[in-house]
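Notes to accompany the following structure.
Read from first to last, the chains carry the letters A, B, C and D; within each, the first residue is number 1.
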Amino acid sequence: MNIISELINDRFMIAAVLLFGLGFMNLLLQKNLIKKIIAFNVMDSAIFLFLASQGYINGRIAPIITNGILDSEVYINPIPSGLVLTGIVVSVSVTAFFLALTVRLYGIYKTVDFDEIMLLVDKEAE
Amino acid sequence: MNTEIGFFKRLNDWVNGDEDRIFPSKNEYDSPELPEPPVAKSSLPNKDILFLSSYQVIAITVVLGLVFVLLYTVYKLPLFGVADNPAVNEVVERYVEKGLEETGAVNVVAGMILDYRAFDTLGESSVLLLAITSVMMLLLRDEKNIDPEEDLITEHEAVFEDQSRDVILQNVTTILLPAIMLYGIYVILNGHLSPGGGFSGGAILGAGLILYATGFGHNRVRKFFSMKTFRALTTTALLSYGLLKSYSFLLGANHLPTHIPLGIPGAIFSSGLIFVLDICVGLIVACTMYGFYAVFSRGEI
Amino acid sequence: MLPFYYNIPAISILLCMIAGMIMPLLPNGKVALRVAMGVSAGVALLSAILMINIIPVNEYFTYMMGHFPAPWGNELSAGPLEAMIAFIFGLVMFLSLVGGSHTIFYDILPGKQKMYFTMMSMLLASLLAMTYTNDIFTGYVFIEISTIAACAIVVARDTPKTIGSTIRYLTLSLLGSGLFLIGVVLLYCITGHLLMPNIQEQVLRLVSTGLYTVPLTVVAGLLFSGVAIKSALFPFGGWLPMAHGGATTASSAVLSGLVLKGYIVMLVKIFYRVFTIDVIRDLNVTNIMFACGLAGMIYGSIEAFREEHIKRMLAHSSMAQIGYVFMGLGLDVNLGVAAAFLQIMVHAFVKPLLFLCAGRLSEVYDHEKSSYRLRGSAHKDWIAGIGFTLGAMSMVGIPLLGGFTVKYYLVTSAMMNPAKLWPALITLMISAVMNALYYIPEVIAIWTRCELCTPNPVDSNRGFDWIAAPILSAATLFFGLNGYSLIQLIQRGLALL
Amino acid sequence: MIIALELLLIVFLFICAIGAFLSERLLIAVVIFMSYSLVMSVIWALLQSPDLAITEAAVGAGVSGILFFITLKRIHALKGTKDE
């Protein structure tokens, strides 16, 4: 019973770790480039979920000063939110770059299969 | 004709959009001359799932190991949602209790990312510049990036789109666009007062521009948002961001006051630089997002 | 008001970023090249001023980015070691741009040249920020900047091969930064800080109380493996040869010479300033570094030996050289870490020298890249020939050149740790022999006249390109002759970290 | 009660992630991924981070979804539409 209540209590962190593993594995194993990109996004947002869940404190509210209350006991930790905000923008930029590479590779080889592309690239003369 | 298809098979087909097997009929949209769409299956010899390659075995082992290690770490970490975890310390206290006085921002997160830890955010905006530059490097039309077949299709589509615009889309756009734009501007201008800020508001503005471009065609957008405007806006916003922040960094490090008034907390024109920076970031993000769309779909802005 | 030199780290980073931002406004690629060259020369000059000011007094300082001190705002920190590294980054970037400028305009389309120089400036900014940062999250942001910029300068050449190799490079880099990010997040969770000195305080407290030992070990492992993937340490280096070998000459020089090193410098800084080196040794991370380093030295050499394409051969050899760095870091003695830094600096000069000269040699033979077809090319351009020869000799470890000094100090520091002495010595010997086996035939080949080869007329208006190779060769000689004083300097800098 | 909702959302998150990787057609994978982002933004709203919720909804589910769709169009992977 104790284990289950602990599992439920740490639900976000456990979910984040499992999603991270899922994304990491698919980033390594998926052959399709589009799916690789989705895997990368899943992996990154899992890390962000982990970080955001670290900032949450039961019973406190979002860090926007309301009614002039300046007591840090009232609001949750604002730092994880700020870090995740930075992270989201980085991840969408990388996604765009990755997609652009995919489009160009499709234009050259007419496929989006990573292994096939790598075979063809290795055969390519300088 | 095989009518005995299992329920899950049919569900799977339905999810995948294969209606043929559920409602067998002649598909009138068949166009055999185009290449087979790339589905997720590889055309390489497909190995049985039981005989994984050594690379797959290594990858799966590594990932499983990593996940177990991380789960064990989570078990050792402080509990979720309790107030006495190590992350709640004097840093958080000052951000919340002095933030309003020192940065003038009611939204503590905005105060943190644009004033306390502004160097990270400057880096983040440069990432956007790098992303749009590298995408343009790859996808802009030039002599190494030419596909006559692709160009023909794009040209046909452009003609087709100009002749028969989608009425529903256009009317919906006319109704929705002002609301979207207004909301984006609201989110940007209230970045220091309410949730949101430059990044989310900029993304909303960018999405609005994209909607306009899909509804009314690229040429309508290009009348007021050409490559020149795009370049001027992005560079000006980014440069003023960089210069303003450099000014504040250098003066701050030398313990000099910046002489920027913080205004009355809660008013729209308050919190000093944060207000201006939010506008700059909003412009950068909006231009970048529309730039991504335009370069991806046509290879030009 | 602080003395001026305190502002130099911040000014050099901001200068590079702003230069990157104004590139789109410049009229053409030639002007952009001049701006990029000016900025990197300026960074080198500023860092030299910083060195002159802080090396004699052995000063280490932190610098607030903004109005808020340590646990609240971002900070930079700099000391003699950082100043030296920054000077080398600026100088080598300048020389690579000078030496590769001719090929840049040949390889990259006119419309994309300005974008290329944006990338180069941003890359330099990110390298400097990684060197100077006192904040691990800033470190993560700039790691991502350098990832995108590095991939973009590879893909700028826009051939099918470079695009294909970039996608492999990007995938692995993303895995690396994912691991690094989750390490940073876990570290924040257990310490509650992002600034290095504050984290160190908490880490020492955690170590003394025995709390969170497992998370701490996991964090060290994650940060290490993230950086190992990005700096192409042995099991993760598969992406490097294709990406570095296929890019235009200046990109290859910068990537092999500087970018790989930037991550390692940051890792060492994190290990010293966040965990303290004793904790890292207790956590056994150094043993993993040592083992991976040795394996990388052998593997890189074997692959280089089997390679025909001259630039890819140099790229494989970079993998072996990164192995030397990690071996030095893993030796568990302070002299070993200093030797690793000396290797970082020497290799930062030698590898660009080799890449620039190889690029020039292939250019005089109509962009021919295979070793076999380059026979006699040194007679067409004797400056590049001599530069290549000197670089290769340094790699092999001929005395009076930089490579020899590094090997000497690596052996000396291995002697101090009897447990790791024999594996280190044997691997160093095998690697040196392998180096000789693939570099010396190459040198003989380029000096052997060949009647059958069809030489291409040399481009007459070469400009000032040739000036880079002599300066880089002189630096290699300098490192060879001043090994002792440099090692002393590096050790003093490390003690201040 | 709120815990039950959160658990439900987490389960949904897993279904979306696994579904995106298993679906054979790329268009469907992308649509499922967009719903993943949307669920994520709801979770962030529940975790009292409205800034993240807005940004994720606008960027994750909006703009990056659009980028995925255009890419699919460019690689001719939109089966069943006129772009095929």
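One rule holds in what follows: a contact is a pair of C-beta atoms (placed from the backbone, for glycine too) under 8 Å apart; a residue touches a chain by one contact, two chains touch by 3 or more.
No experiment lies behind these values; they were computed from the predicted model shown.
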Result of counting contacting C-beta pairs for A-C and B-C, higher pair: B-C
Separation of chain B from chain C, taking each centre as the mean of its C-alpha atoms, in whole Å: 32
Chain centre separation in whole Å, for chain D relative to chain C (CA means): 38
Inter-chain centre distance, chain A versus chain C - centres from mean C-alpha coordinates, in Å: 28
Inter-chain centre distance, chain A versus chain D - centres from mean C-alpha coordinates, in Å: 12
Set of chain D residues in contact with two or more other chains: 26, 29, 50-51, 55, 59, 63, 67, 71, 74-75, 77
Two or more partner chains touched - positions in chain A: 11-12, 18, 20, 24, 28, 32, 35, 53-56, 60, 62, 64, 79-81, 83, 85-86, 88-90, 92-94, 96-97, 99, 101-104, 106, 112
Multi-chain contact sites of chain B, meaning residues that touch two or more partners: 35, 38, 40, 70, 77, 85, 87-88, 91, 95, 107, 109, 117, 120, 123-124, 127, 130-131, 134, 138, 145, 150, 195, 199, 292, 296
Chain-chain contacts as defined at top: A-B, A-C, A-D, B-C, B-D
Chain B residues touching chain D - in the complex, by the definition given at the top: 15-17, 29, 31, 34-35, 37-41, 107, 109-110, 150, 187, 195-197, 199-200, 203-204, 206-207, 210, 289, 292-293, 296-297
Sites on chain A touched by chain C in the complex: 20, 24, 27-28, 33, 36, 40, 43-44, 47, 50-51, 54, 79-80, 83, 86-87, 90, 93-94, 97-98, 101-102, 104-105, 108-109, 114, 117-118, 120-121, 124, 126
Contacting residues of chain D [partner chain B, same complex]: 23-29, 50-51, 53-55, 58-59, 62-63, 66-67, 70-71, 73-80, 82, 84
Chain A contact footprint on chain C (complex, rising order): 137, 141, 144, 147-148, 151-152, 155, 160-161, 163-168, 170-171, 174-175, 178, 181-182, 185, 188-189, 194, 242, 246, 309, 369
Footprint of chain D on chain A - complex, ascending: 8, 11-12, 15, 18-19, 22-23, 26, 30, 32, 34-35, 37-39, 41-42, 45, 48-49, 52-53, 55-56, 60-62, 64, 76, 80-81, 84-85, 88-89, 92, 95-96, 99, 102-103, 106, 112
